[in-house]
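Heads up, the next two complexes both have subunit A, just with different partners, subunit B and then subunit C.
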Partner chain A sequence: MNAVLDVQNLYLGVSQNNRYSPILNGVNLEIQRSQIHGLVGESGAGKSMLAKAILGILPNSTTINKGYIHFKGSDLAGMSRYERRQLASRHIAMIPQDPMTSLNPVRRIGSQLGDVLRLHMKLNRILAQERVLELLNDVQIRDPKRVVHQYPFELSGGMRQRVLIAMAFSCKPELIIADEPTTALDVTVQHQILQLIKQLQSETGTSVLFISHDLGVIAKICDYVSILHSGNIVEMQSAINLFQNPLNKYTKNLLEITSHYYRFENAD
Partner chain B sequence: MSEPTQSRRVHQSSLIRVWLGGIVIGLFFLIAVFAPWIAPHDPLKQDLFSGLMAPFWLDNHDPAFLLGTDSLGRDVLSRLIYGTQVALIVAFIAASLAALLGTVLGLLAGYYGGWLDTVVSRLVEIWMAFPPVLLSIVLVAVIGTGLHSVVIAIVIIDWTRFCRVVRAETLVQREQEYISSAVSIGFERWTILWREILPNVLPLLVTLLTLEMGIAVIVEAILSFVGLSVSSDQATWGGLIQEGRQYVHSAWWVMSLPMICIIIAVLAFNALGDGLRAILDPVMRR
Partner chain C sequence: MSFPFLLRRLVLVIPTLIGVSIIVFVLLRVVPGDPIMMMIPPGATEDDIDHLRQLYGLDKPILEQYFDWFSEVLKGDFGTSISLRQDVVELILSRLPATIELAVAAMFISVILGTLLALIGTFWSNRWPEIIVDGFTGLNQAIPDFLWGLIFILVLGVLWPLLPVSGRIDPRISLDLVSQFYIAESLIRGEFSVFLTLIKHMIMPAIALALPLTAVISRSLKASLRETMTQDYIRMAQIKGFGPWRILIVEALRNAMIPTVALSGVQFNFLLGGTVLIERIFSYPGIGNMSIGAVIDRDLPLIQGLIITFAILFIITNLVIDMSYRTLNPRVRNE
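Up next is the complex of A and B:
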C-alpha cells in the first residue's frame, strides 16, 4: 500500500540515574496517504513519546534503541538535526496538546506564523503576511487582520488552537501529528476543532496521526485506528471494524468501559 | 472584575516610575551634554581666597557660588555638573558592554548546555568568589587609570550578573512547548535562540541593564573615591566625595552634595528599570 509513514519495530526508553525504563517495545505503525489514523492508549502508554520520536523532539534523556521510522525513503530515527531540517521538517507538522504554551508568549501571532512561511515556503515578508491572513481565514478566525497583531494571551484557547492548526497546515505537509489536540479545550470548542481538522484534512489530502485517549473523539474523526498498550500496538484496524468487532482483549475492555461511561453520562 | 482594575493600577504605577526615572535621567543627560554652557564656573579654576564657602541657603555664602566651594575654592556646582558627564558615560557604556558580554555567554550556555555551560558556569562561580570592589581596584591598578579602564573594570566585574540571570531564564525558556514546536518546524538553533528565546529574556534584560547602570554609577564613584578612576584633574562625583571627606566637619556640603547626586541617579535608574520590566512584558501587560 501507499504508506506515508512506516514505523517498524521501534524501541525507545528513558535512562535516568543509570536506570533504564522502556517506553515503546517494538511498535509497528503504518499511516496511509490521506487518512486520519487514530492512536489510542491510556496515559503513560507511550503515545506522546511516539509522536515526539516522529517529530524529532524527544527529550535528551530518551533514546531510540532499535527500529526505523521510514518517511519518504529515509529513516527519521537515525537522522541528525541537520538532515531532519533538510529532508523532513517541512513535511511533518504538529498540532500540539496545549495551545496555551505552544505559542511564543511574547511574539505577535502574525510574526510567528509568518516565520514558518518564510522558512519553508520561501515567501518574503509581505507575501508571508498576506498568506497568514488567508490561513487564519481558512481556520475560521474572525477578523484575521486584528488577530495577526495580537499576542497569544489575548486569544482564547480555541482561537489559539485554530492558530496552531493554521500553522500546521501552512506549508502543505504530508503528515500532521495531532497530539491530543482537544484535551485542553472545553467540549463545545472540542467539537468545532475536530470538525476543522477533519475539513482541512479532506481538503488538502494530508495524512493525520491523531492521538487521543478518548474513543468517542476517535470514532468521530478517524479512518483507521491503532491501539497502544504498554509500549506495544495491540490492534490495528479500520475504525468501523474496530468499534464493531474488536479483536484484542484490551480493546474490548476499553470499548466496554467507554460505553459504560457514556451510558452513565447519558443517564443524567 | 477586580482583576483588570488592579492590573491597570499596577500598570499605571509602573508608568509613573518609568516617567519619573526617565525624566530624571533625561535631565542628567541634558546637564552632561550642555555642561560647558550650564556650569557657572570653570570646574578646575582655583581661588584659594574663597575656599570652603557655604551654599546659598547658609550664612557665609557668596552669590557667585550657588552651592559653595571646596577647599581649593573651586565651584561645587560646576564640578557636580561636569561630574555628571563621567557618571553617565560610565553608566551607559559600561552597563551596555557588560550586558552584551553576559547575555551572549548566558544565552549560549543556557541553550547549548554541555561543556560550554560547564565552562561558563564555573567561570561565573569563580568570578563571584572575588570581592567585586577589591577586584576592580586591582584591575584598575594593573591596567592603569582613565575612563576606559573604569569601563573595562566594570564590564569585567559585572558581566556575571547578566550571565547568571540570562542563563537561568534561557534554561527555563528552552524547556517550553513553543521551543519544541519551533524545533519540530525545523528552525535552526540560531534562529530559535534569536527569535524565540531572546524576546522572552528581553524584559528581564532591560530591567537588569538599567539596574546595572545605577550600579556602574556607584562603582565609578568608589573607584574615583580611591583615586583610581579618571585623572584627578577631571571632576567626578566620587572624586568630590573623596576631596570633601577631609573637610566634612567644617564644610559638609562638599561631600554631601555629590552623594545626593549619586543617590538621585541610582534611584532614577532603579525606578526606570522596575517600571520598564512591568511594561515591556506583554504577559504582565494584560
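Up next is the complex of A and C:
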C-alpha cells in the first residue's frame, strides 16, 4: 500500500465537568497518495475532531486514549507539540471552514503568505514575495500585485478562501485537510472553490482529506469515501462504488435521505 | 494616516481649550481664597489692598477680566505670576521639559513592563508565572502612585540610601546644557555621567508613576491576548508550524493591543495628573510641583497657564493614542 496517512484504531474522548464522553471509538482511516478522500458523517460525528487529531490542535479537554496516526514512519498521536511541528507542519496543511476568521486581520495578505514560504521553503524575503504572486495567480486571483498589499477585510469570502488554498498548497504538502471548506461560502462561489481544489490537487498530486456532510459535494470531487458514524468508520469505498452500491445500512439510509440533494457526477 | 482626520482633530482643539479656560477662570474666581490676601505684608491698609486688586485687574467683573486675559493670551501673553513675579509663559516653559521627560519615562516603563507581563502571563497561562503576574497586577491596582513614592523614599532613600530622594540633578554638578530636556540632551551629547545622575534622580518617581498604569496595561492586554489566542487565525498559524513565541508576538499581540491602546488614553491622562503629587513628593522641579505651589499661593495667572498647559498635554496624548490606534487597526486607518 502507498498510504500517506494511516490512522489505526484511534480512540479519542473529551472530559468535561469530570465527565468523560467518547468521540472516536477505534477509527481506521487510510489515505492513499494523490487521492481526494472524502470523510462523511452527520453533524457531531467527530469529523472535525479527527481532523484536529491529525493536525495536532486538539483542545486541552480532549485526549487520545489509544491508537496511532502514522505519518512518514512516525506516530503523530504520541508526539509532543514540538516534535510534531518539526516533522509534520510542513507536510500536512489545512483549508479551513471559515475563511472570514482564518486570516490574521491586521496583517497584509502578502506577508501572511510569504511568512509560510520563508518558514518552510527557506526563501528570502524577495523570492518569497515573487512566489506569493505566482501562488495567487495559481488560485485565479486577479491582480495579485494589488492583493498582496491588501488586508483580509478588503477581500470577499471567496477571495479569502482562494488565499487560504494558495497557502495550503504553497509548501507542496503531502496531505491537505479540508474541513468543510465551502460551507461558509455562497453557492455560486462553492462550485468554483471545489473546482479549484480538485484542479490543484490533480496538478500537484497532493492527497486531500475532504470533510463534508454534503454528499453532493463529496460526489463531485472525491475518489474515495469513508463514512463516520457513532465514532467509527462504518464504510470505506471508492466513490463510484459507494454511491451505486453502499454496503452499510447507515450509508444506505444516508444516501436515501439525501438523494435529492446530489447528482452523481463522478460516473462519467 | 489620513490628513482630514488630523485636521478634524486639530480644529476641535480650539473650542476645547477655550472651554477649559472659561471653566477654570470662573471656578478660580468663585471658590473661596483671595490671592491678594496671600501676598499682602502684615499691616497693609485697606487702600494698599484696593490698589493691589486694581493692579492685577481683580476688581473688574469676571467676564471683563476673562476678555482682558483672553486677548492677551491670543498674543501669547499669559500674564505675570503673582507669587513669583515672573512671566507665566517663561516660568512654565522652564519647568515643562522636566515633567515631559518624567511622564514619557513613566509611560515607556509602563508600556514595556505591562506588555512583558501580559506576554509572560499568557505564554505560561495556568502555571506559576501567570499567578505571579496576576498577583503583581492586583497589588499595583490597589496601591496608588504616591504611596509607591513614599515607600520608595523610605526604603531606597532612607533605610538603604541607594538613590537620591529629591530634585532632578545633583546640585554640585555644573550643567552646561542649553535646553531643559536634560536627559535627551545629555544623551545626544554623549555626556553619560550626567545622564546617569539624571536617571538616578528620575528612576524612583518614574517607577512610582508607572506602576499603576503597568497594572492596567498588563491586565487589559492579558485579557485580550487570551481572547485572541482562541481565534481561528492563531490555530492556522499553529498548523502552519510557527513557534509559540512567534505566534504570540507576531500573530496575537498586535490584534490584542488594539483594545488596550483604545483604553490607555484615559490612563495616560491619569498618569499626567499623577505627576502633581509625585513631583511634590520627590521635590522634582516640574510643572506638577509648580502647580501645588501656585494653588497654595492662589497665583491665578500661573494656575490658569498651568491648567491650559495640562489641557494641551492631555490633548496631545489623546491624539497620539488615536493615531497609534489607527495605525494598528487597518480597518479604521483610512476612514
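In this section, the second predicted complex is superposed on the first by the 259 of 268 C-alpha atoms of A that agree within 3 Å, B and C clash if a C-alpha of one lies under 4 Å from a C-alpha of the other, contacts with A are read in each partner's own complex, and residues count from 1 in each chain.
Convention: a residue touches a chain if its C-beta (ideal position, glycine included) is under 8 Å from a C-beta of that chain, and two chains touch if they have at least 3 such contacts.
Predicted model, so just to flag it, every value in this text is computed and none were measured.
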Clash-or-fit label for the pair subunit B, subunit C on subunit A: clash
Partner chain in contact with A:98 - subunit B first, subunit C second, else both or neither: both
Touching partner for A:166 - first (subunit B), second (subunit C), both, neither: neither
Contacts of A:89 with subunit B and subunit C, given as first, second, both or neither: both
Subunit B versus subunit C as contact partner of A:12, first or second or both or neither: neither
First (subunit B), second (subunit C), both or neither touched by A:151: both
First (subunit B), second (subunit C), both or neither touched by A:141: neither
Where subunit A meets both subunit C and subunit B, residue numbers: 55-57, 85, 89-90, 92-94, 96, 98, 101-107, 115-116, 119-120, 151, 153, 167
Subunit A-facing residues of subunit C, complex: 231-233, 235-243, 250-251, 254-255, 258, 328-331
Complex interface listing, subunit B residues touching subunit A: 176-178, 180-189, 191, 195-196, 199-200, 202-203, 281-283, 286
Contact footprint of subunit C on subunit A as seen in their complex: 55-57, 85, 89-90, 92-94, 96, 98, 101-107, 115-116, 119-120, 151, 153, 164, 167
Complex interface listing, subunit A residues touching subunit B: 52, 55-57, 81, 84-85, 88-90, 92-94, 96, 98, 101-107, 115-116, 119-120, 151, 153-154, 167
